[in-house]
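All chains are identified by letter, namely A, B and C, in their written order; residue positions are counted from 1 within each chain.
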Amino acid sequence: MIEIEGLKKKFGHNEVLKGINMHVEKGEIISILGPSGSGKTTLLRCLNYLESPDEGQIVIDDVLINAHKVNKKDIYQLRKKSAMVFQAYNLFQHKTVLQNVMEGLVVVQKKSVNEAKEKALEVLQKVGLKNKIDAYPSQLSGGQQQRVGIARALALNPEVILFDEPTSALDPELVGEVLEVIAKIAREGKTMIIVTHEMNFAREISDRIIFMDNGVVIEEGIPQQIFTEQKEERTRQFLKRMTPELDYSI
Amino acid sequence: MTIDYSFIWVAFKEILKAVPLTLVLTFVPIVIGFLIGLAVALIRAYNIKFLSQIANFYVSFFRGTPAIMHIMVIYFGFPILLDYLIKVFNLPFQSNNVPIVLFVITALTLTAGSYLSEIIRSGISSVSKGQIEAAYTIGMNTFQVVKRIVLPQALAQSVPNITNLIIGFLHTTSIAFLVSQKEITGAANIVASKNLKFLEAFIAAGIIYWVITLIIEALLYFMEKKAKSYSRNAF
Amino acid sequence: MGKAFDPILIIEFLPTLIKYLGVTLEIVFFSMIFGTIIGIIVALPKLFHIPIVRQIVTLYISFIRGTPILIQLFLVYYGLPALLSIWNIDITRMDALYFVIITYSLSHGAIFAEIFRGAIQAIDIGQTEAAYSIGMKPLQSFFRIVLPQAIRIAFPNMANSIIGSLKDTSLAFTIGVMDMMGRGETLISSTAHALEVYISLSIVYYVIVLVFEKIFKISERYFNRYQPHGISSI
C-alpha cells in the first residue's frame, strides 16, 4: 500500500536520505530504529511532505508523487492519506481538546459539526480522554497531550498514521500511557509507521523493523530477526548500546 | 509648490547646532529618572506602606497622561509655586530668572522616572523566587539580596526596554519646542519660519532624528550584547 | 504668565473640554483601523521575503521608528500637498483633521507591522506542520491556526500602542486641529488660565487612559483563556 522508491533529501550539503526504498503492506506495523541523525524523522516527514524530497517517488494507496513533478494538489491528496503524531505534540494551543480533534474533520474533510463531534468523542473515548474534552492543551500533562495528538490523527481515519518519536518528549512515568494507546490502535489493524527509541515497545508491537543509519536502510526484518540475529555489525552495535537501558514495557 | 533641495542642506547645517540640546533633554532626564525609577520600583516591589500608594499613583498618572501635559503643567505651575515660596520666605530672587530648560528637564525627568520604574519593576519580577529564597538561606539580609541577587538580574533584563525608552525619549523631546526650546524641532521651526520653507526644514530635522536614532540603537545594541555576556558570566 | 491660580476653574473647564473628546477619539479610532490595514500589508513582504518591496518596507518602518510623531505630522502636513500638487491635486484647504489621521495611520501602520510580524514569527512552526499534517492548506492553516494565536501575542503590544496613540493626539493641535487639546489652547487664549486648563486636560486624558486600560485588561483575559493562569503574554 505504501511504496517508496529512491528517496533522497539534502539539507545544504548534508545528504540526509541517500536513496531509501521501502514497502509497507496494509495493516502492517513498522518501526524505524536507528541512531539520531540517521534520517528516520526526515523520512517520516517526507511521507507527509512536511519536507519535500529532492528525488524519488512516494506512493500511498492510489496517490503517487514523484519528487521531480509535484504539484500542490498531489501534496494535499497525499496528506489526506496519512496523519502524523509529533514528538512535541503540536496541539493547537488556542483550541480545546475536542476542537483540536474536530478541526481536521470539519475544515479538511468538510464533515458537519455534529458528525465531527460524534467522531471526535469516539476517538477521545478510545484514548481515554473523554473527560477532558473542554480542557486546553496547556492544562494537560505531556502524556495527555500526546494522547490528544493521537486522537487528532486517528479521527481522520487515514490509511496510515506516522509516529515521530511520540514518547521522547515525555517524562518517563508518562511514557507508558501513550505506548498503551498506540498498542491499542495497533491491535485494531491500523497501518502505522513508528520512529521510536523505545526498543522493547518496537519489538513487541511491530510486524517488521527497519534499521537506518546515515541516510540508508541498513537492515530490515521481523523483530525476532533484528533483535537477536542481526546480520549487520552496525545494527548490533546500536542495539547493544540501546537495549540495556530499556525498562519500559507495556 | 516645489521642493528647494539646496535649502534642505542649509536647514540641515543650521539644525545640527541644536543636536546637543536635544541630547541633553534626552539623557539628563533618563539618568536622573533612572534613580527615581529604581527607588519607586523598590518601594512598589517591597510594598512599603503609604509610600507605595503614592508611588503607584505617580507611575499610573505620569504614564497615563501625555508628556506635553507634564511639561506644560510644570512650565506654568512651577513659577507660581516658586513665587509663592519666595513671597513667604522673602527670598532674594525671582522665578523668571529660572531658565525654561530646567522646567522642561524637571518635567521630562518625572516622566522618565515613571516609565523606568515600570521597566525595572518588570525586571525585578522576572527574577525567580527560588533564587531569592536561596540567597536568604545562605544568610544574606534583604539589602544584600536586593543588591547582589535581584538588581543585577533585573537590570540586565531591562536593557532592551530601556533602549526603547531612550529612543522614545529622544522623540519626546521634540515637544519642548512648544515652550520655545531651540532643540532640533524648535530650530527647524525657526529656520522654516524665517525662510517660509517648512517642508524642507522638517525633512532636514527628520533625517537628523533618524540618524541619531540609528546611532543610539547601534550603540545600545552593542551594550546589550555586553550586558548579556555579563549576565551569562554572572549567573 | 496668566492670572492667579484658581483651582475651581479646573473643574469648571472640564465640561467644555470633554465636549471635544469625540474628535480625539475619532483620531484614535480611524488611525487604528487604517493603521491595522497598513500594518498587515506592510508585514507581508517581510514575512514572505519578497525582494525589493521588503527593502522599501524596512526603510519605511525604520523612518517611522526613527522620527518623532511631531516631525511626521509636519512632514505630512507640508509634504502631502506638495507631493499631490505634482498631479495638480490641491488639498491645501483640506481639514487639518485628515492630515492628522493620515499621519497617525502611517505611523501606526509601521509599528503594527512590526508587532504582527513578531507575533506571527513567535508561533511555533509545529503548529503549521500539524495543520498541514491533517491536510489543511496554507491559507487555512494561517487563518485558523497561526493568526488566532498571533493575535493573542500581539494584543498587549497593540493595547500599549493604542494608549500611546491616545496620548499622541495631544499634538494634533500644532497643525490647528480642534480636538480636546486644541479647545484647551483657545480656552487659554480667552481666559489666560493656562495651568488650570492643562491640569483639567490631564485629568481627562488620565481617566480615558484608565478606562482603555480596563477594557484591554478584560479583553486580554478573554484572549488568554487557553493559557495557564497567571501568564498574560510572552
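In this section, a residue touches a chain if its C-beta (ideal position, glycine included) is under 8 Å from a C-beta of that chain, and two chains touch if they have at least 3 such contacts.
Being a predicted model, the structure only gives us computed values, none of them experimental.
Ranked by separation of Cα centres from subunit B, the top chain is A. With centres computed from Cα atoms alone, the innermost chain of the structure is C.
Looking at B-C and A-C side by side, the one with more C-beta contacts is B-C. Between the Cα centres of subunit A and subunit B there is a gap of 55 Å.
Between subunit B and subunit C, the centres computed from C-alpha atoms are 21 Å apart. In terms of their C-alpha centroids, the spacing between subunit A and subunit C amounts to 47 Å.
Contact of a single residue of subunit A with at least two other chains is seen at no position.
Residue positions of subunit C touching 2 or more other chains: there are none. Residue ranges on subunit C touching subunit B, taken from their complex, read 1-2, 5, 62-63, 65-72, 74-75, 78-79, 81-82, 85, 167-168, 170-171, 174, 181, 194-195, 198-199, 201-202, 205-206, 209-210, 213.
Against subunit C, the residues of subunit B that register as touching in their complex are 1-3, 60-61, 63-69, 72-73, 76-77, 79-80, 167, 170-175, 177-178, 185, 188, 198-199, 202-203, 205-206, 209-211, 213-214. Residue ranges on subunit A touching subunit C, taken from their complex, read 48-50, 72, 76, 79-80, 82-84, 86, 88, 90-96, 103-104, 107-109, 136-139, 152-153, 156. By the touch rule above, subunit C contacts subunit A in their complex via residues 124, 126-127, 129-137, 140, 144-145, 148-149, 152, 225-228.
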